[in-house]
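The chains carry the letters A, B, C, D, E and F, assigned in the order they are written, with residues numbered from 1 in each.
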Amino acid sequence: MRIVVTNCNTTQGMTEEIVRGARAAAGPGTTVRGLTPAWGPESAEGWLDSYLSAAAVLDTLRTYEGPYDAVVMAGFGEHGREGVRELVDVPVVDITEAAAHLACLLGRRYGVVTTLERSCGQIEDSLDTAGVGRNCAAVVGTGLGVLDLGDDRRTEEAFVAAAERAVAAGAEVLVLGCAGMTGLQRAVGEKLGLPVVDGVGAAVKLAESLVALGLTTSRSGSYAKPLPKRREWGRVGE
Amino acid sequence: MRIVVTNCNTTQGMTEEIVRGARAAAGPGTTVRGLTPAWGPESAEGWLDSYLSAAAVLDTLRTYEGPYDAVVMAGFGEHGREGVRELVDVPVVDITEAAAHLACLLGRRYGVVTTLERSCGQIEDSLDTAGVGRNCAAVVGTGLGVLDLGDDRRTEEAFVAAAERAVAAGAEVLVLGCAGMTGLQRAVGEKLGLPVVDGVGAAVKLAESLVALGLTTSRSGSYAKPLPKRREWGRVGE
Amino acid sequence: MRIVVTNCNTTQGMTEEIVRGARAAAGPGTTVRGLTPAWGPESAEGWLDSYLSAAAVLDTLRTYEGPYDAVVMAGFGEHGREGVRELVDVPVVDITEAAAHLACLLGRRYGVVTTLERSCGQIEDSLDTAGVGRNCAAVVGTGLGVLDLGDDRRTEEAFVAAAERAVAAGAEVLVLGCAGMTGLQRAVGEKLGLPVVDGVGAAVKLAESLVALGLTTSRSGSYAKPLPKRREWGRVGE
Amino acid sequence: MRIVVTNCNTTQGMTEEIVRGARAAAGPGTTVRGLTPAWGPESAEGWLDSYLSAAAVLDTLRTYEGPYDAVVMAGFGEHGREGVRELVDVPVVDITEAAAHLACLLGRRYGVVTTLERSCGQIEDSLDTAGVGRNCAAVVGTGLGVLDLGDDRRTEEAFVAAAERAVAAGAEVLVLGCAGMTGLQRAVGEKLGLPVVDGVGAAVKLAESLVALGLTTSRSGSYAKPLPKRREWGRVGE
Amino acid sequence: MRIVVTNCNTTQGMTEEIVRGARAAAGPGTTVRGLTPAWGPESAEGWLDSYLSAAAVLDTLRTYEGPYDAVVMAGFGEHGREGVRELVDVPVVDITEAAAHLACLLGRRYGVVTTLERSCGQIEDSLDTAGVGRNCAAVVGTGLGVLDLGDDRRTEEAFVAAAERAVAAGAEVLVLGCAGMTGLQRAVGEKLGLPVVDGVGAAVKLAESLVALGLTTSRSGSYAKPLPKRREWGRVGE
Amino acid sequence: MRIVVTNCNTTQGMTEEIVRGARAAAGPGTTVRGLTPAWGPESAEGWLDSYLSAAAVLDTLRTYEGPYDAVVMAGFGEHGREGVRELVDVPVVDITEAAAHLACLLGRRYGVVTTLERSCGQIEDSLDTAGVGRNCAAVVGTGLGVLDLGDDRRTEEAFVAAAERAVAAGAEVLVLGCAGMTGLQRAVGEKLGLPVVDGVGAAVKLAESLVALGLTTSRSGSYAKPLPKRREWGRVGE
């Protein structure tokens, strides 16, 4: 099984980290290939970045010739998943929803710990439209930017501090709220004594599950194929 | 990986059918063992049956010595999953929630087609508390009892007729709303031109996913271990 | 009018206390009879206990030959009420919903103070499905176990401390969140300066009301009579 | 126990009918006294009538010297109940909420059948704020005006026809959606084969219940006593 | 364009203040006329006052001969708007909903700061039924009565202190929760570094917008014209 | 006052039509300038188009040098508004939310009539996150594509037919669910006997209102300014 994982930003190093996280979760017969958009933001932090990222990721997949059996979208809280569902014929799993789906199986309420506070609202909206917002007790920020996650110790400390606020709000399970946090789940889980779900790993398993069951996106209603028409993907001649 | 699948009723033939469905979905290294409760209803249709079934399934697992790595609970819309989460130390996935989790990934709204109309309310409540009710467009009945599903052609026809009501209500994906329907997904999916999710298969894949990721139920808050105390599991001497 | 009150656990002393609470609330022509399940948990604290209790209470009523005019189910937040509605032909009132129904008439938002924190989620779900969750501001725990309520002074103090958290969350009325707290309403109400509703008393009055008005459970849809079929209530020969 | 029942309009004949309904439901020791506002609309049909009625009912109670132990407000879907809760020191029960509270105990979903379609929205809002809207499947109109309910046969037929729409929407129990329908519950219940709740009777029983339990409105927060200040109840000298 | 602004109480000085606020917001061709009810409460604080106010405002408009092109109802959280929509043929905008509509355009969540805590619930209900409650993070009180707002400095300080609680609950925009606060928006906005919406100004602009677009209340369904019938607006001969 | 109206697609003729609609609604001192994205889809129909459009509109505004006092985003149900709120310092109003805000003032429930059925889900999500979804009774499609709206008579007939479905679902007011329908409101409003809101006109009036009141987007929380970082807006050299 061939899974394509799309980074939501142009930072190649983050793609590599995500691919590592995805491979750690992938089953024996699964290969993972990471795609870095050729354009877009170097990190997605806020709505403007997120919409730019969505178009860039769609363009990346539109021009990627494959072959592949499933798509994992590795931008936590970022836009675009419904568009990718229209575009490709294989299952599409976004790490935001993936983490929430698994978290719902592990406790009555879950919480998300993300980077900047400004991203919390976007994540809440993303969980709501994915249909898994009901059991989310809180989405909280660590105050760290996406490109500031390199220092593992600082990130872990910030994560644990923020997680405690989510637990006070009722969370019994936590979710890593950024693709760049992948790999952290074990360390912070041990410190907190709680299950911690990494969206990248969760999405890989859900993508494998859908492929194994022969399931893919419905073409009825919302996610029909894009209509043939003229589209320009960026300024011509610039 | 060893998955235990619990039937919610005492009908051995149905356990076998469910185990066939589970094995068809299981990955290479996974073994599936079916458990039939020694007591309870011969089929679960309605709330009284469901509560009786919940206690019987809990008793079955309580006295089952294993070993196993995950539990799949194969009673669609039946009670008990939170109790099993308290009881065992491994991940627990109920086929109701499992089907809904995967269905959310395949379309914007899903519908459930079950047996008797009287079960629809129970299923709605089960989806709500599992946190995946928001994107459910409709739960509809076929009018067939659980033990009347043997005639595949009649079941398929009844399913397709009921599914059309769910589609009219907005469903883009369908869910088989009874463990006894396992295996039907391909045939009815082709007739409807829509993805159809079987909860048994879905739960097996989600259980495998959780085990592979090293995740299990949170002990914080709701699903703490049962307190040690005196409990009688059925009338003594009767 | 003859009301049967079912304890949710096997502790005879608690049944007696509940019967005292029920009789204190009952009108002149009402007789109250308490039933203690012959099996089940000695106290219901958590989901496993609750499902075991639900089956045991159903079995208790199934084999009780009556006659009686209404059933009061005295397990706060415990499962089973829909099953009992299927089983018997007379009105069924659960103390959880009963307390909430009356509390809604006394203030814009109410709060529930229960025993262990682990029970809060169950109570929230029970209020939601009963249709009275909207005006619940908070469900909070005292940290006391069900069988630790004997020391009235300690219980009152723990209740008042927890109630203050519910008031801070917006509660204007409080509910005793355990059948074993019955009788406490006056003392804690005076300390708090707020109305406090005891579910046992509330359920008795609602049961009397339904009987007086000639109303009983609808057989249309959800609560149709259980279908005739083979059911085993506990392990045969054990 | 002395219950005051306030009609929401100035039609004396309707007060008498409501009092008959209330007395039919009242327990042995309960006396019922009906109050007809000295001003307001001759029938309440729509928002303007409802707000006028609310002020007139408040004025009626403000100037009524009692003594009484509880207030029943007999305007289905009409405004004013929170104001009366501020005004008087005894329990206040509105027939809209009362019917819904009892209906929730009799089936998983209930429906309301009222007079004109224009009143449906008001009733929905009233149920929502009372905290019992969740399990309401539908509010439907018969097309009959409040003062057109005199012909019992026509009213019954219109009720049954409208009730069938509510049942199709999921209602398992029905509510008489107008104080002027009181007395009809038995006849239409038999025709429909479903429990039918009359709000007047329901409110009398709930008022008796609260008085018997020694409960009255919380003064904390929303329903504090009206502040002393200058108020004019209608145009001076006109 | 001629806008009539109705004060919800009988305090002429407050009408003048509101008219000043309305004129400050009105466009070049707009004239504003304030109406003070001839009866009702001297200030509206709580449900009793609010219902009395609703009837008095309806009576004021019913007997006002105009001409006018739109109505602005200047009682924050007070009742009556749906009745006025039935009564008059021109657009009707209530300052509660108006402030919320504009606040939704300025941030993801807004908060309301009002006078007494007892009014918070009424405001929440008013926002909900107006259809704009979803993005309201909090409604908080300053503890000041309506007629205590005269001391600008004290009011500003109390507003800022309460606003901070709303911000902690997620508000990114604030709303002045009393007509008598009109004019304060600039001062407190600067102190808080946040946009602050005054409902009086907001309602004037929305009323102008509807008139300019040729839009007025739908007569279909909820807000049909009041039926012709006998109505008394206050006690005859008193 | 200078309003910039952004078309969501690259079809210049549609920009012109939208500008005509905007100018028809604009007040005396308001100038309207239309912007057509240099890239993106020729019409936005579905999620892929919508995300591409969002990035293109952001790029258009990012590189537009103004000056201007407000932005109107003329893509019904299309993404991007939160990103634009981050980007510019002036008020931003999207025609989807604008139409809904005004519709809420005109009836208790509104309905949206759009182009293709596939767009309905997107519009529902957009209304929900804007905080105005509660009073939306239905979003229905006409089956016409965005670029098929040229034949006014056919469009009107399709609109009226679809509107009747929305009215049957409870709508009392209707909304034109596509920027390309601007101008149609009067004709279909007369045929239906209902107010019909055009989002373009509504957004112009709301933008004028915000500017007149000196209000603009909050920088606190969600819509903080985009962080300085490297962003590529389309493939370099392609």
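What to note about this one:
Following the convention adopted for this analysis, contacts are C-beta pairs under 8 Å (C-beta built on N, C-alpha and C of every residue); 3 or more make two chains touch, one makes a residue touch a chain.
These figures come from a predicted structure and were not determined experimentally.
Because chain B and chain C share one sequence, their contact can be compared position by position; here over half of the interface residue numbers appear on both sides.
Between the CA-based centres of chain B and chain E the separation comes to 52 Å, rounded to the whole angstrom. Each chain gets a centre from the mean of its Cα atoms; for chain D and chain F, those two points are 44 Å apart. Contacts with at least two other chains are made by residues 82, 108-109, 121, 128, 221-223 of chain F. Taken as a graph of touching chains, this assembly forms a single closed ring in which every chain touches exactly two others.
Here the chains make one closed ring, and walking it from chain E through chain F gives E, F, A, B, C, D. Contacts from chain E toward chain F in the complex involve residues 25, 27-28, 82, 91-93, 97, 101-102, 104-109, 128, 130-135, 167, 170, 172-173, 186, 193-195, 197-198, 201-202, 205-206, 208-210, 212-223. Listed in rising order, the residues of chain A touching chain F in the complex are 10, 38-43, 45-52, 54-56, 58-59, 79-80, 82-87, 117-118, 121-122, 125, 128-129, 145, 221-224, 226-227, 229-236, 238.
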